[in-house]
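Both complexes below contain chain A, partnered by chain B and then by chain C.
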Partner chain A sequence: MSTTTSSPPRPATRRKETSTNIDRSQARAGYMFVTPFLVIFLLFFLLPLVYAAYLSLFREQLIGGTVFAGFENYTRAFTDDRLLEGLFRVVRFFLIQVPIMLLLALLAALAIDSGVLRFSKVFRIGIFIPYAVPSVVATLMWGYLYGRDFGPFADLSDAIGTAAPNFLSDKVVLGSIANIVTWEFTGYNMIILYAALRSISTDLYEAAAVDGASSWRIAWNIKVPAIRPALFLCLIFSIIGSFQLFAEPQLLQRLAPNVIDSAYTPNLYAYTLAFTGQEVNYAAAVSFLLGLVIVIASYSILFLTNRRSSS
Partner chain B sequence: MNRPFLPAIRRRALLATAGILSASIVLAACGGGGSDGSSSAAPETVSQADIDKAMKTPTDLTFWTWVPDIQKEVAIFEKQYPDINVKVVNAGQGEPQYTKLRTALKAGTGAPDAVQIEFQYIPTFSITKSLEDLRPYGAEEHADTFVDWTWGQVKGDNGEIWAYPQDTGPMGMLYRKDIFDKYGIAVPKTWDEFAAAAKKLHAAAPDVYLTNLASNQNGVWMGLVWQAGGQPFETTGGDSVKVAVNDETSKKLGDYWQGLIQDGSISTDPDFTDAWFQGLARGKYATWLTAAWGPVFLTGSAKGTSGKWRAAPLPQWDAAKQASGNWGGSTTAVIKGTKNAVAAAKFAEFLNTNAETTNMFATEQFLFPATKALLSDPSFTGQKPAFYGGQQVNQVFADVSATVDDTFQWPPFLDQAVTDWDETVGKSFADKGDVGSALDDWQQRTTDYAENQGFKVTE
Partner chain C sequence: MSQTASPTDRRSNLLTLGMLALLLYFLLPLFWLVVSATKTTSDLFSTFGLWFSGDFSLVQNIRDTFTFDGGVYGRWMLNTLFYSVVSAVGATLLAALGGYGFAKFRFRGNNALFGVVLGSIMVPATALAIPTYLLFSKAGIVNTPWAIILPSLVSPFGLYLMRVYAQDAVADTILEAARLDGAGEIRIFFQVVMRSLSPGLVTVLLFTLVATWNNYFLPLIMLNDPKLYPITVGLSSWSSQAVGGSGSSAELLALVVTGSLLSVVPLIAAFLLLQRYWQSGLTAGGVKE
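Right, the complex of A and B next:
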């Protein structure tokens, strides 16, 4: 992206040719580097999206084969109670779980960065390790811990003499899932925030020390504002992650089959529609709508926070 | 504004490429859509000469099954037909396998030649024309080999034979004799006696329940409806299906069990979970309403209770007329469109009719037989396992097998029906709610689904 107007006038035409040669060869090299990614992006992302969009315009029935349905699948999705219920559920999940998780991650990152913590490396790895555990393993493990007859909480309450808490009951199960997700992802967010903290110029700290600021003030007035972009990054990841909640409810479904139904989250609903109900077309429409909702949510949050920061 | 990164020509080229690619995908998808409906007119029998020729041609068959150690039976087949090589693949047990099978069928590649399908799922795969009619390969000769109701289960609406029965699961009751003796409970012969016993037992021992009605086990519910003479689903070929899951029989059952659940006499824990296994082992459940494969299963999963269990038929609605239902049991079917239809059909036939292999299924894998021969074979029925205090458990279930009604039918969309059951009726068990209105919900959901799929639904 070069403009020719600002380059100083040179007598030799060779100069001009070399600069455009360099531009062109640089551009070519650039395209070559990007091509492998683009090919994979095209094959495994764009084309399936297009195919899914195509599928969502049809309806395949067990009797009668495939018919063109236009936007029927989408209108059906807008009036589908179960889908809307699932959507509200993940919104509730997002509004409660994400702030708590990001707060914990921020506190952990600040604590480790402050240098006051002994064995900070141990804490750093310790908090991060749950992220390295595959979510399937984590959910199965927590499912056992939540067990009403034979988990550790049940044993504890037996020892005390009270009834074992039912972590998988109607009212509480969303919180139990939120607990698992927080356990899994706090470390991941913490590392991102910690890396951002590490890149803050130490001049700021010196200036603050000269002004007599305490560590709390430094944290609140210098560190947190400085890592705002990283915080937004974590927020966007969390939005996408919460709305796409799938693995944890699906695995806990086996343990609480009457509490977690097949439309518990929109993603789970799309999966059940496609693979149990064989309604692939409607599942495609639901997936697109979910994607749209996520895009709208991400952009609105970004828009709101940008406006606030620029005003 | 910055100058756009992609010059106009390049942008147009990119859009054109994307457009061409999308169009080609669309065309490819169009080409692969919908299979031709093959007519179910009288099938041409394959001549014996052709069959013999096919069995002597070197062939590779793929067989999806979850029966453990089935290689032993397959080896017997391969010894008899050395030119046929069978590759056994475990693609999952039950629903995970069916999901994979449907995916492979839709993709047009990767499906096996022969596959293990449970009785209740046969209509789900025959409606999509995924199964090979076995009549041309001599299946009709075996009408008398198998117990009548199993043959009824594998028959299609137009007389097609979709699979060979492999094993069955007629329902009976396994009970803890020691608990019954301790609390003075007689073995209930009718459902009224059962209800009275449930209340009595739970009053005397608050930690023990006469039985557990699992809130996630549609198979048991359907088996009980089957026993009570219900006909919730019927297909008559063509595009109409009868859905009546909230008919009088089901409502009667619903009221009965709701009473027991609501006064706390029976539990409703999900089955085949860790907690449930522990419950069995620790004597939380005094009976298990289960299928004929239950006795062996219990031997493996509740070892500590050996010697304490006995078997009996299910309690009856009408003491004068013994009846039962079926839960589970599998068949071997052949996938339509396989290149090795003859070899696969003959393999399925051999596996399930040959005396040696069927005997092995009963003695090695402890599958409950589907053949009349084995069910009347004293070496099978005369077994006296110590786990059941020496009782001839197989004889009990063999007698039960003769009382299973042979007109019960399954819907051609069982996965969806089961999921809906879990979320309506099963949930009402767990919530101790109104089972009757849950049945109505189930009826509504299933009818909506069927209509969405193009069926004409009758009640």
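Right, the complex of A and C next:
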């Protein structure tokens, strides 16, 4: 991603005699334009981040208030089974759900872009629409659909006379959550990929088409490599999304309290720590660690994919 | 493979069928929601989920949704609208100003500052939510609209998109001409630049709007007065009552379903009406004259 920063803006003028004056007023105007964003960014992004790091170094005591604790919260986190279990759960979630979702999104985007699909506009907007549904509503809705009382799946199994499947049992609930997330975000990823496909120059593959290459080969050998940056972007957003999973398990918890506990995902755990357990400092450490894990995961995936593509 | 007309036709039918299956997956749950919003609570349990029942009680359900508990649902709608419109307009304006500044001006630290913002795209918003809550409670602004709006003004991805967009869509020659005419930088931005940026603006506006409209974690922790809830937190509180209780709270079920449907209508309408703009805005990277 850092490659995008390397293209410096073009100087606005080339006339020599007044160039330093113009440079100075250019710089002033530049600062004026970027300052509002940077101030808000500093206050509501960097400051909370630094504050989380600061808080995580303290510990509250029943007697004596808050005391400096060094890295105690972090050593506790690394040996906290509930946190680690949640973390491994979201890693597992990421490894299963994200490839399925991105593959679906990619196939749909390629199909819509292929020119051989009928009603492509209907598909494009139809598949995208769930993105406009809040995750709370999506989870409530799927919760009812999964339900054994009046969900259509229960209706169907009633009709054939078998027991209704339990989508919220210990073994399958993670898959049921993955299904909700896939439903919500496939269209969003599809649109990003589709937009990238539209911006490929057609010269790239028209020659291949004239040579008789099939649409499949063109899609796989020419189009997919050309939209690699957009695929990275989707991948990064998906990492962030998976690791901070919250609304879906938090809402399904009410339907399956014995299966989804308060540490089901790291984010749910941090929320419980801060607002039920009053362990604010430890919650800050968990939040900060979670952010760190996500950043490291994102950068290492970027690094790995970049290296593989350049070799 | 030969390039005659008939195999291409066949392929498109097959592909269309496959895509139709995919489309069904994405639209059937919403169809279920529409159907369910027309049913009474008892019909929800007793009739087949994917088709309408005898008595059509959509209007009654909508009326009940808006009158239950002193009409709190209407408030939640307005709160959501207010939070998301103010956040989206603010975030878009900040991103547009900043993106244009980073794209078109040379100043010391340009690349470094932009790099910091870009790197922050990877930091998840929810990792910041709890420390932000603690800061805001020190500042005394938890349980106010500010607690939702202020953090939602930061959109690093919006800034990135606007920078890429401004680079291509704003012609340097036009800027130079406007400067020679003696126009000030601010005037140039609002009268010339904003117009060239408009597809990108709509894109960032819509996506930040959705982000705030759909936000759940932040309002959940920031607000404890039900009068300030956005629709997501409100529906969640209704549904927890519907799950937990019996008797009168069972009636809440129909309201949760109808309320869910009503809450998704405005955004879907916005996306449908504005699709020409946001879809062209998304191709930002490839925009050439």
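We take it that the second predicted complex is superposed on the first by the 290 of 311 C-alpha atoms of A that agree within 3 Å, B and C clash if a C-alpha of one lies under 4 Å from a C-alpha of the other, contacts with A are read in each partner's own complex, and residues count from 1 in each chain.
Going forward, contacts are C-beta pairs under 8 Å (C-beta built on N, C-alpha and C of every residue); 3 or more make two chains touch, one makes a residue touch a chain.
For clarity, every value in this text was computed on a predicted model and none was experimentally measured.
S.K.: Regarding the shared-chain residue A:F288, is it in contact with chain B (first), chain C (second), both, or neither?
M.R.: In the superposition, A:F288 touches chain C alone.
S.K.: For A:Y299, decide between first (touching chain B), second (touching chain C), both and neither.
M.R.: second
S.K.: Tell me the contact category for A:D149 with respect to chain B and chain C: first, second, both or neither.
M.R.: After superposing on A, A:D149 lies in contact with both chain B and chain C.
S.K.: In the overlay, answer first, second, both or neither for which of chain B and chain C A:E279 touches.
M.R.: first
S.K.: For the overlaid complexes, name the partner, chain B or chain C, with more touching residues on chain A.
M.R.: Between chain B and chain C, C touches the greater number of residues in chain A.
S.K.: If you stack the two complexes on chain A, which partner ends up touching A:V90: first (chain B), second (chain C), both, or neither?
M.R.: It touches nothing on chain B or chain C.
S.K.: Considering only the touch criterion stated at the top, classify A:L255 as touching first (chain B), second (chain C), both, or neither.
M.R.: It touches chain B and chain C both.
S.K.: Mind working out whether A:Y131 is in touch with chain B, chain C, both or neither, as first, second, both or neither?
M.R.: In the superposed model, A:Y131 contacts chain C only, not chain B.
S.K.: Look at A:L47 in the shared chain and tell me whether it touches chain B only, chain C only, both, or neither; answer first, second, both or neither.
M.R.: Both partners.
S.K.: Is A:S114 contacted by the first partner chain B, the second partner chain C, both or neither?
M.R.: Touch status of A:S114: second partner only.
S.K.: Identify the overlap between the chain B-contacting and the chain C-contacting residues of chain A.
M.R.: Shared contact residues on chain A (touching chain B in one complex, chain C in the other): 1, 46-47, 51, 55, 144, 149-150, 254-255, 275.
S.K.: Residue numbers of chain A touching chain B in their complex, please.
M.R.: These residues of chain A touch chain B: 1, 3, 42, 46-47, 50-51, 54-55, 60-66, 144, 147-150, 254-259, 261-262, 272, 275-279.
S.K.: If we count contacts the way the header does, which residues on chain C are in touch with chain A in the complex?
M.R.: Residue positions touching the partner: 1, 3, 8, 11-13, 15-16, 18-19, 22-23, 25-27, 29-30, 32-33, 36, 44-45, 48-50, 94-95, 97-98, 100-108, 110-111, 113-115, 117-135, 150-151, 153-154, 156, 159-160, 164, 167, 172, 175-176, 179, 185-186, 189, 210, 213-214, 216-217, 221, 231-233, 235-236, 239-240, 243-244, 256-257, 260, 263-264, 267-268, 270-272, 275, 279, 282-287.
S.K.: Residue numbers of chain B touching chain A in their complex, please.
M.R.: Checking each residue of chain B against chain A gives 2-3, 5, 18, 21-22, 25-26, 29, 33-34, 99, 102, 127-128, 215-216, 239, 270, 273-275, 278-279, 412-413, 415-416, 419, 422-423, 426-427, 429-431, 449, 452-455.
S.K.: With touch defined as at the start, can you tell me which chain A residues reach chain C in the complex?
M.R.: Residues 1-2, 4-13, 23, 26-34, 36-38, 40-41, 43-49, 51-52, 55, 104, 108, 111-112, 114, 116-119, 122-123, 125-138, 140-142, 144-145, 149-152, 155, 183, 186-187, 191-192, 195-196, 198-200, 212, 214-215, 229, 236, 240, 243-244, 246-247, 251, 254-255, 267, 270-271, 274-275, 280, 283-284, 287-288, 290-291, 294-295, 298-299.
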